[in-house]
């Protein structure tokens, strides 16, 4: 298997470039999700997005648009409801499964839907189109720029919301912007990992890197490197394996690294 | 239309659906009481790996799911409340995602092996009325009877332990054992619901009718009854629509999750409305007590 | 009331009981005896082992050494003759049922099966609810009533199995003075009328002084049992704490100065 030769193929180039962009965003966003105890969003948003993606397929449009619309709306609702939402497990679970059911409905109306279901659930990065790659690269750029702009207030309000508020930081606005950026990232990540496994790319890298350093810049940097590694290695392994999707390999790598970091750092306490 | 209603498939669907509904809602009543939504989610995800793994091996998904879930229950230790899990959401989230990842692996291998496997894979995820055949119904019936029998047997101590574990323990209720037993019942219920509504959607039927019932009444026997009735109502309507509805081939799961969300939403609204009225009415049952020293 | 009540048999006996949690010696060779029907306040700083003592009596824990006899037997869980009111825990699940249902657990919450509707059971419930003066909010849920009313209901739950001993773990902690006084008066009345031995863990003994027979003061690995006048004195408490403690008697109250109560 001559990987170098394979790299000439457009599909692989597309997959790699899109994934690298997404991985960077995911790692950064995931770092803050952990800090804000909002990792459940990495579970809820993709499922809600599933309905959007399915609807888009039915309309004959790229799933990414459906994902964007559903997840961004959901993110704004979460922002409006505040952190109380975290405790409403039951309500969130019911809404999530409703969205899965809704997505199922859209797809059932579309013939040949089993393939499509798998596509959204497991990820379709190896089949990503040129247009989608462009969309992904641009969106990722916007997301990273967005995070850079709100970086300091975001960091401050994540570490200590009360002090930040007292200092005049617009914490609610920053929170809303952050959630929208999360929604965008999740939507892009669904292309790589599918809606079932977004969590592994979103939260995994930062969860692992936080074991090694408390300093934000270092933790985020390390998380990005890990995420890129998972994405690239995952894609290459999937190309070799043929029937096994990229998302499985990303999940396996992510979990493996996380487990290793927990075992190596056993006994060292760190802020969750 | 007559023809459809008289067909075996319809009768099986009705029977299977009803059994699933009764089972899910009865177990769901306690799931809501014990605030185990997160644990339920966890069991579903871990069970997913078990279900898809056993299908890959050619077995009925029920066994893989129940087997792995029981292992998970034992490994995770006693989960009297979800709080222990919730405090470590990153840890648990990673484990769950990995379990989902395994499920994705197994399902991919299975689905790619043939076209019929592809669609039966979707059925594991989302359920299907057509899959409620004779042998499946028999398994469903046996599990339903077993779980419901155990539930009736432990009803009072489980209720006591769910509400006031310290007092219950003092009165001799084996609270830790009941914690495990209940989780196993929950795992079995989720596993056997795969056939009708699928792994991903089972949560709806377990949580929504019970959640709504809890908001409608505080009387436990009544709440249980209401939950079961709501569940049956949702299921029957869904089955009818799935067979006779305008779009024909729509899976049962869509109707069930939609009605579930609707019922729960309505119960929430009623609650909000009632709270507003209550805040305006004077507090009338606080009596003035005179303090007389004996 | 209870035809088997042998007033001569001690309610509870502890002989040389030591409690060790991990590496910490909570209580060293504690010995005391209580007679049936006594009302005893349990005092002492946090961590002195007050709640632990209750857990020993309930059979939740075994002592590291020594003997305990409760109503003549070794403590075990499931003893219907002991009523228990644990420390306040605000759980959602308490609010999911009606007050009646929660009090009803005291009758048969530990029995297997479903339990069929039963007129005698309802009557017994009503009787106890009447006794604690909680009948008119028995259909409410816990989040609709006040702290004092809540404690009365939990008391009803403890009483409904006709216990000989009542263990109350900081029942006054989250109550304002008015409600606390309500609860104390009620407990005292029940203690006398039903001849129940009552152990009440608290931080402030003053409201209890008119009602209690003895005080069990636990601190610093030691304990003293005796009448309030004998125990809550500068000498005894200084000895117990191992450092200078002053007890000031003023305006009909006792104030312990120089140590955490």
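Going by the order they are written in, the chains are A, B and C; count residues from 1 in each one.
Keep this in mind: a residue touches a chain if its C-beta (ideal position, glycine included) is under 8 Å from a C-beta of that chain, and two chains touch if they have at least 3 such contacts.
Here the structure is a predicted model, which is why all the values come from computation and not from measurement.
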Sort the other chains by how far their Cα centres are from that of subunit A and give me the top one.
-> C
Pair joined by the larger number of C-beta contacts - B-C, A-B = A-B
Between subunit C and subunit A, distance of the C-alpha-averaged centres to the nearest whole Å = 53
Calculate how many whole Å lie between the centre of subunit B and the centre of subunit C, each centre taken as the average of the chain's C-alpha atoms.
-> 40
Would you mind pulling out the distance in Å between where the CA atoms of subunit A average out and where those of subunit B do?
-> 28
In subunit C, which residues are in touch with two or more of the other chains?
-> none
Multi-partner residues of subunit B (at least 2 other chains) = 32, 35
Within the complex, which stretch of subunit C touches subunit B?
-> 58, 60, 77-80, 82, 84-86, 89, 91-94, 96-98, 101-102, 105-106, 108-115, 133, 136-137, 140-141, 145-146, 149, 157-158, 161, 178, 181-182, 185, 188-189, 192, 210-211
Which of the residues in subunit A end up touching subunit B in this complex?
-> 34, 37, 39-40, 42-43, 89-91, 93-95, 97-98, 100-102, 104-105, 108-109, 113-115, 117-118, 121-122, 194, 196-197, 199-200, 203-204, 207, 243-245, 247-248, 251-252, 254-255, 258, 262, 272
Parts of subunit B lying in touch with subunit C, wherever the complex brings them together | 32-35, 81, 152-157, 159-160, 162-164, 166-173, 214, 218-220, 285-287, 289, 291-294
Footprint of subunit A on subunit B - complex, ascending | 32, 35, 37-38, 40-41, 82, 88-91, 93-98, 100-105, 107-109, 111-112, 118-119, 121-122, 125-126, 200-201, 203-204, 207-208, 211, 247, 249-251, 253-258, 260-261, 264, 268
